[in-house]
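Sharing a structure, written as structure tokens. Questions coming.
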């Protein structure tokens, strides 16, 4: 059964040092508030998994929370590089980051396999690519019926998956809509699931066959309105494209980044205070 | 691009003798009108695939349309046996029927694999069951990463999948809701797709993330209101439980069945006329 | 308050479903028992039907596995592959409720054929979801009317694995779930012996004699040393069951479905 | 009507998308080209984005692969695994549009690293959907600005297979799709030679000299015997592209995204 609790408590009880953690959300509904809380609680040695490690993982990696990353595209969408990710890979700062690199199709498949409690996933792909040369977890097998060669990859089974959604009801059933990415599969694949939501309501009033995560799958629901900023929540607020652009300058320099994290994340009590401090810094710049 | 056409034309052009044909619909939205039309056009030697071959396949098998059946549960739900299926298996009437028998989980998986253009599917199951002894298409493999033993099964790739849905728009996008069964996967797995619908509308007005088959997947849409009878179409009409019970008596005897098919299917022009004739027979009985 | 053997069977089965459990429900007797549990002691049981409804709370019993009532009352309705892949195989089902045509002393189940597979005397409907429910549900409850035709010394066909040849046979095959933990019939309740896994009568319904159970079992059936009498239905259990069946009869114009 | 090299690149790429084609669209230049095609000669092209929208008809260009505009204007929005499994791997994508950081003479693509993988000089974003788009789309169009830093004699890393070592190398690996059929740059259009599969300049944009193309290519680039001049943009093409970019700039408060 789901607990409805604060994000601080959820992270404190459900995210442990060394855990395999997937924070998912494909551009839409990125669980930024939860990422901040993990930094605030100074988790270490996390094995991070995410198709598109963008700002949220740049922050976690630069803050020294992660030692390993399974991913398929690590950039600042529409802007450029993730400087903290690059610094970790290119210069081991603040610590080395082991990469397990796949393609999007493979990552999506591997979440599906994890949700289905299978140890591996099968796909048509990687022929002629160098990825299998450097990632020994990409292998090939032959079809037991046709003898075709197919790629295989280990299923993703996070200790914790964290997603952001539009609504939960008081029993912990979660509703999301719009661009769904791999959130449902990432949640179904995990041992524990934290969902931050825009609203907690008495009744979801979901349309037929909507994307709902039943309460039986959800360990904790946390009310974090605005918790996907600078990403967006369809029906609530739009993407803050300017913050993505601004992030390029913040993350480019170690000291600027470190000071930013200190002031905006470590020194704030929660995501609401982060938003206030951010508004002040913007005001100061203007 | 989708053609919007009569069911007679769709079956004439898209269902060939010897084809692998899946008519799907899990209790809900069973494409009965299409099943009748295949009998009316006297297709032969079909390789039928369906998780739950119920009345619709009892009719096709008893009418001599099928030589092979891949399935997982062959009964009249809530009533008992499928007498025509049993007669074909137990006494080869009207012709022998080769069975390829799986479990539901396996069939559902095999449709997913077919939709994903994979040659086989993987599942946890069948350990200790005699099914693999009699179905040599159920095999076992070892996980390339964990060495666990898992069952494998050939993907389902129908030549034609036929489903019934609530609505299509004039471009051929199809919307269904309520109990979805394996229809989307069966359609995505097929080379050609026929969809009979309750309504053709200008605009689907679908809720976000509804179950829609885009026109690119749909070969033909046929307007067949009531075409799921005696099954039901959520939001349109309910299941005719009495017909399921009545079917037991019709199908029990070869001669009664044959006369019924002649009068109700072969001698009628279409499903609308079938419904009229059926209403008359009921009137006569009352 | 008098009651029928069918009623005590359904009520005894319902009692085994813990509140809050995720339950994979087959149509017929399992569906009646699971919904009775939900309407009595287990309001938070999450009922899953293989056609797609999760958290179904039907007011009348479904006649088919895909009745609209299941969709209308569910928390959500997902495609069938998700039920089997993400929920059942995913290890999220606590209790699987199964019926059967034949059962042996190790609670293996046959729903496929009577007689040889290639020349069957009776062709039964087949596996349905049973083999994977039997494998992957954390535990399995079997509900079936007892007779020597059903409780047979040797199955013609093992559709779904119970405890196989007994002992640790099931664990040796690394089957994920625990397998059958109880067989609830119209005469008694049997549970597998903790060591041999042979079905053993642990509770006898009121008014039933051990002799009747022996006569209705195709092998020399074992009785537990401390065999109990099945507690009589409470007024709440009986009233709730009868009201449910009454509503169902009115809605469907027929008695509740029997598989 | 004068136009920029970026404009002719986008327009020339858009022209290659047939009406009615199912097109897997990456963000940035591919998305601009695919939407320009949809707004001009290919109104029935079905644009698919990896985040889930199918049949997206954005009025302004998305800045991210998952902008709300894509969901709001799509025929349907499915989970990302369905895009990759049922559509791309399913063989339902006619045209895959890709960008790249580096490309070689056989149109193999590197978006992973410059320098050694374990000690990279530059760590690039990585594969994204490209390896499987390159494998499974029936054909692939590559759109990329041309320079000797991008068009290199040898890739440090092959992220996505083009024609590999040329000839029938790709077919020998039984890769389902045909692979790259054209590379559209700000200078010219290249197509693989029918036999050797080496990229060959088949069309040069107006005002560009062969010397400029040679200087911007890291290998001795081949020219077709009958090399054409790329037709100038029509007024419709140019107006539509500029209006699209203008709408986008207004909506996002920025220029259109560049990958």
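When the chains are written out, they are named A, B, C and D in that same order, and each has its own residue count from 1.
As a convention for this text, a contact is a pair of C-beta atoms (placed from the backbone, for glycine too) under 8 Å apart; a residue touches a chain by one contact, two chains touch by 3 or more.
Quantities reported herein were computed from a predicted structural model and do not represent experimental measurements.
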Practice task
Any chance you could name the chains that touch chain A and chain D both?
Solution key: B
Practice task
Could you please state the distance in Å, as a whole number, between where the Cα atoms of chain C are centred and where those of chain D are centred?
Solution key: 57
Exercise for the section: Express in whole angstrom the distance between the two chain centres, defined as the mean CA positions of chain B and chain D. Expected result: 41
Handout entry: Cα-centroid distance, chain B relative to chain C, in whole angstrom
Key = 28
Exercise for the section: Send over the residues of chain B in touch with two or more other chains. Expected result: 117-118, 123-124, 148, 178, 180, 208-211, 234
Practice task
Provide the list of chain C residues touching at least two other chains, using ranges where the numbers run on.
Solution key: 71, 77-78, 85, 89
Handout entry: Which chain pairs touch, all of them
Key = A-B, A-C, A-D, B-C, B-D
Problem - Complex interface listing, chain C residues touching chain B - result: 27-28, 50-53, 63-68, 70-71, 77-81, 83-85, 88-89, 108, 112, 117-118, 120-123, 125-132, 135-136, 157-161, 164, 169-170, 173-176, 252-254, 257-259
Exercise for the section: Using the touch definition up top, name the residues of chain B that touch chain A in the complex. Expected result: 117-120, 122-124, 137, 139, 141, 143-146, 148, 150, 152, 154, 177-178, 180, 207-211, 234
Handout entry: Residues on chain A engaged by chain D in the complex (per definition of touch)
Key = 26-28, 51-52, 71-75, 77-78, 81-82, 85-86, 89-90, 101-106, 108-109, 111-112, 123-131, 134, 148-149, 178-182, 184-185, 211, 232, 234, 238-239, 241-242, 244-245
Problem - Residues of chain A defined as touching chain C within the complex - result: 1, 115-118, 173, 185, 188, 206, 208-210, 212, 214-217
Fill in the blank from the handout: Within the complex, chain B is touched by chain D residues 20, 22, 44, 46, 54-55, 71, 75-78, 85-86, 89-92
